[in-house]
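Common to both upcoming complexes is chain A, partnered first by chain B, then by chain C.
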Partner chain A sequence: MSLLRRIGTLIAKDIRLYYLNRFFAFITVMSLVFFLAAYFLLPRQQEDTTRLGYVGPALPALFEQESGGDGVFFVSFDETSALRQAILDGDIAAGVRIPSDMVERLEAGERPAVDLYASGSIPTEFRQIYALVVEELVFAWTGDTLSFEVEEEILGPDMAGQQVAPRNRMLPLLSVLILMMETLGLASLITTELTWGTLRALLVTRVGFGTLFVSKGVTGVSLAFVQAALLLAVTGGLATEPLLLISFLLAGSLLVTGIAFLVSSVSKDMLSVTGLGGLVLILLAIPGLTVLLPGLTSGWIRLIPSYYLVEPMYRVINLGASWSQVGSQLLTLVAYAAVIVAAGVWTLRRRFS
Partner chain B sequence: MTSQPAILAEDLTYRYNGELAVDHIGFSVAPGEILGLLGPNGAGKSTTVQMLTGQRPPLEGRALVLGLDVAQQPKAIQARIGVCFETSNHYEQLSGADNLALFARLFDVPDFDPGLLLERVGLDSRGNDAVERYSKGMKQRLMVARSLVNRPEILFLDEPTEGLDPTSAASIRRLIEDERDRGATVFLTTHDMHEADKLCDRVAFINQGEIVALDTPHNLKQQYGQRQLRAQVVGPDGALDVRHLPLDQPDTPDAVGRLFREERVVTVHTEEATLEDIFIQLTGRGLV
Partner chain C sequence: MNLRRIGILLAKETLQGPRNVMFIMAVVAPVAFTLVVRLVFGDLFAGLPTLGLVDQGDSSLAARAGQMESIRLRTFDSGDELRQAVADGRADIGIILPAGFDQLAASQGRIQLTAYVWGESRLDHRALLATALVSMIRDVSGQESPIEIHQQTVGEQVASWEQRIFPFIVLISIVIGGVLVPSSSLVEEKARRTYNALGITPATVTDVLIAKGALGVLLSVAMGVLTLVLNQALGRQPALLLLALFMGAVLASGFGVVLGALVDDINTLFASLKSLGIVLYAPALFELFPSLPQWISRLFPTHYLMAPVLAIVQDDAGWSQVGPDLAILAILILLTIGVIGLLGRRGRLQPVAG
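So, the complex of A and B:
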């Protein structure tokens, strides 16, 4: 019992010191507010339409600009110069200018030129897509139809018409970032204790290394978990499979606590904690790219432990993945966390002795 | 029948990166005794304290504290001792009272009242202030108070009065004497010879990791010190001058006679060697 009481005393002391530090208290509150604000400011729905500028004769019925449905949405301009300016201003990404005598010239066997204007910032693939749209448009005018039918095969969950909203796509990444913010706080707390010698003072009481690391670990996991769970709870992220998500958050909190141990074992002050911790934060945020830009990331990202937090959490929150579908990733995350905590404890102990 | 020593060090050795910091030292401290370990900075005092308090395992030799081996049972020893570090290491954002209460809980001290200890160190009126607002002397007094929260059987004090004003230093010395009167053993490291002379039952000189002498201050002075006669005389130009004559020598009576015959003596008194004089004599270097 006295051992548990000592651990409780150390945890209460750490949490009190954490919030007595105005910087940590401010960062903790502000990061939660900031990430919540970022979530709610992101679009609620995925934009499924593409706005394409248009200068030319009246559009065929199929391409009516008021269609408003999914697909290409035409924005008409009176002058080419106005279209060009809209692209330069970033109002639209691309536009076409079709000659007013297009149909007549086609019927006369000519090959009239159609101008495609595109912002330099859009990928080449998108320009090709816009060119195809123009071809479609011309086919509609001339009455010709495509001589083949397109058959689609959908790989993975078919999200047509129910694409994941950017805010929900970002949610797992925001959770990892908020976990890491708390990590910086814990790392700084430990570094301060090392630098000021208070850890030495603790270790000449009945407190041993084991007790000390357990208390620091519980403090770190608690600080990180509460923040991340709060973020998910407020944003409704815990609506599906809450136990599974909480398990991921706990394992993630353990992971970042281990990282805090590692960072503090090589840091001398708050500045070095922030610098080193910032680098680690960027590294851990990289797997978020697999969620934001699926298909554009490489296999090596799977080596980053936070991949096993972000990717499965994304699938649980947004695609309804279950224990059986992401269980192996949870185990991998726990294994990563255990190794990193062990390494953190070892390096901290080495630094201390 | 002799009682078991409070501290027994045998062949205690420590190296930093292969370089000897403490070189096979041995001594014992009796219960209720104040032993002072005197030496300049870097002589091995703090490393010795760290080994005796279980902070640093000896690389060779062994140390028994309260009959327990520090390498085998450091936690059992630490529960019964108090350690005052060389530099202040409080939780600066907490109050003095909260610092003491925290350590009392970690020592499992029941019904601890920080007010009583704060009063003993003269901090009762500032007990609720954050330590970061304390002066250096106040922090050091709080360090001593913290080392007393578990009513230790042995008190290890590493340079407790280093850099303090005379008033703060005197109050800490009184506390040490109070603890000795309570029955505690005190192991004190210092390079302040006056402090050691006033407080310690015995002193050990440590130099470059080796103990070069260990005895009571009186015996050390008897053994190594040179008593002398200090006379103030009026010089040929009328200005005051000082003459020193060694005492306890075969020719001392003749020398004293000559002094009174040949000089105009104004004042005369005898001087004892200081511990620093003896340290210099033994090691060829000063204590600072």
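So, the complex of A and C:
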């Protein structure tokens, strides 16, 4: 039997064995379905403006369409009841009612009262800043503007008005989670074979260590890659730079395969695979938070290998980053994957011997 | 039942426990979940704009910004540090306040500022921060608001996402330790046949089950307290809170023992836990979506494990308010003990000789 046929036979056996485990077969299919459902349930657009309701005299010119920049708009209503209804319906988060004689009272030196209506569904902290917007609106009436000059520098791509939709922000994270799930599956597969003694049995045939690890590696990479690629393909994530994204997914699949080797080399049974794999999964998921909370992108998070998967994938999918912009991260990821696979193979071999 | 034997078995379980990955998971998962929820839901969904600030003098603006509830403030020592922070998205806008800023503002002089803007920041965050900045400069210059603002809430005040997720954290911290540790320990002992070996010792099935359940209870209560401490939600009734946590942990451990008795291998245990997950955590789902009919939550046993704890820590509820739920919890505990007894009589818990 040729080497390639032997590897092919082993891969086919591994995949059959993988799906014989009810638990991992279940979570493999369910996680893909769940992640796809999660993607399609998330909002397809990210609102990046705030609309405030307004009842009162004609707005000052500065506030006719916008306030304090481009992000806060006033929407006029004829009556307070309509304004309140719009808040109840969730069309606007808050609104203000200005007395019709506001300008006259200001000129007379009075301090008129203004009603600010805020939805109970918005965090109470926002009310303070909405109140400040209203104050600035009134300052505009009094003509009391600050002498203010700002030299502005935009850092990074200016996404004003074209914010990344929550579903697309989550997409790289979901792909990485799918890849990481396979860590558990492959580690369990290897541990089961170690426990049953079938791996040792294979080694007394013409299958050598090399063939065995290549077949396990190909199985791991295939299982992980196919699902993650499927997720990206179904969600349209492969629309930009497909080759680059596929390269990242392949390198990521190699990384999780190496981690699976490491986990299985120290696991006794499925219980320990799930426990240890779960801990590794939590660790690898942390860089995903950098996509959700960019403020975390500092220091130690860059030491976690999955950072070089999720962050560049986010930039490729959502900000149109190219090979030249994320190429160095791809190389770092490949290097991490190579080291981890080598460490996994080494520890597994030690366990055999 | 022999207390000395139970003590010996419990000591053995406690020593062996930390070597069991499920034990580690029961400790790590609630803490990790708390941290993730606080990071993600506390920060992301609150969605407050963030102002980065470098104060090159001694401006009172920084203190004012720190007191504002509507914005988050991050201060930096140098312009370079601020620029990098904004580029990384740690602040939506970064401002450098030059030395003598307050005097300049007070003298109504022309103010010149350098502002770094994070390209991915939301438009309204930029606008709201600019408004807040203008307002704070007015404060510094001694300008008073020309109006009086009366705030009114329209519709019902809804809890924040962080508050709505909190029941999940409470349930997870009690249920994971309580259910997972005794069930996996029982199943593992059955799989390794060490459970059968116990049959030839003086220890009775009751001793073994109480020892396994007790470890689940101890871990569950400890993780419950730790999670509440991490969430700064201990309430004002520590004795009542401990009682509610203890009773909840006993019920969860009871479930764990029943599950461990019914299941013979670890694969089936995991598959069962996945299927049962929705039943165990359903009451937290109802807390997550207040628009759902809340009475349905009362149909799930774990509601009576979660509700008293939440009432004590969130609403400062006392004995009279949580008493009925605790009474139902006590009945559920007795029922679970009854089920364990029934399983024992049917031979599900008897070690197999030979």
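Note that the second predicted complex is superposed on the first by the 254 of 353 C-alpha atoms of A that agree within 3 Å, B and C clash if a C-alpha of one lies under 4 Å from a C-alpha of the other, contacts with A are read in each partner's own complex, and residues count from 1 in each chain.
Please note the rule applied: a contact is a pair of C-beta atoms (placed from the backbone, for glycine too) under 8 Å apart; a residue touches a chain by one contact, two chains touch by 3 or more.
Quick caveat: nothing in here was measured; it's all calculated off a predicted structure.
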- Query: Does the superposition put A:Asp115 against chain B (first), chain C (second), both, or neither?
  - Reply: second
- Winner by number of chain A residues touched, once chain B and chain C are compared: C
- Tell me which partner A:Val134 touches in the superposition: chain B (first), chain C (second), both or neither. second
- Message: Quick one: is A:Leu243 in contact with chain B, with chain C, with both, or with neither? Answer first, second, both or neither.
- Response: neither
- Message: Under the stated touch criterion, which partner chain does A:Val204 make contact with: chain B (first), chain C (second), both, or neither?
- Response: first
- Tell me which partner A:Leu20 touches in the superposition: chain B (first), chain C (second), both or neither. first
- Query: Given the touch rule stated above, what does A:Arg6 touch, chain B (first), chain C (second), both, or neither?
  - Reply: first
- Message: Looking at A:Trp196, would you say it contacts chain B, chain C, both, or neither? Reply first, second, both or neither.
- Response: first
- Query: After lining up the shared chain so the two structures overlap, which partner does A:Ala58 touch, if you call chain B first and chain C second: first, second, both or neither?
  - Reply: neither
- Residue overlap on chain A between the chain B contact set and the chain C contact set? 21
- Interface with chain A, chain B side, in the complex: residues 53-56, 75, 78-79, 81, 83, 85, 87, 89-94, 102-103, 105-108, 146, 150
- Item | chain C - residues contacting chain A, complex | 20-22, 24-25, 28-29, 32, 36, 39-40, 43-44, 46-50, 68-71, 83, 86-91, 108-128, 130-132, 134-135, 137-138, 143, 145-158, 160, 184, 188, 266-268, 270-271, 274
- Which residues, counting only chain A, touch chain C once they are in their complex? 21-23, 26-27, 46, 48-50, 66-72, 84, 87-88, 106, 111-121, 123-129, 131-136, 138-139, 142, 144, 146-161, 163-164, 269-272, 274-276, 278-279, 282, 289, 292-298
- Message: Taking the touch rule as given, give the residues of chain A at its contact with chain B in the complex, in rising order.
- Response: 2, 5-6, 9-10, 13, 16-17, 20-21, 196-198, 200-208, 353
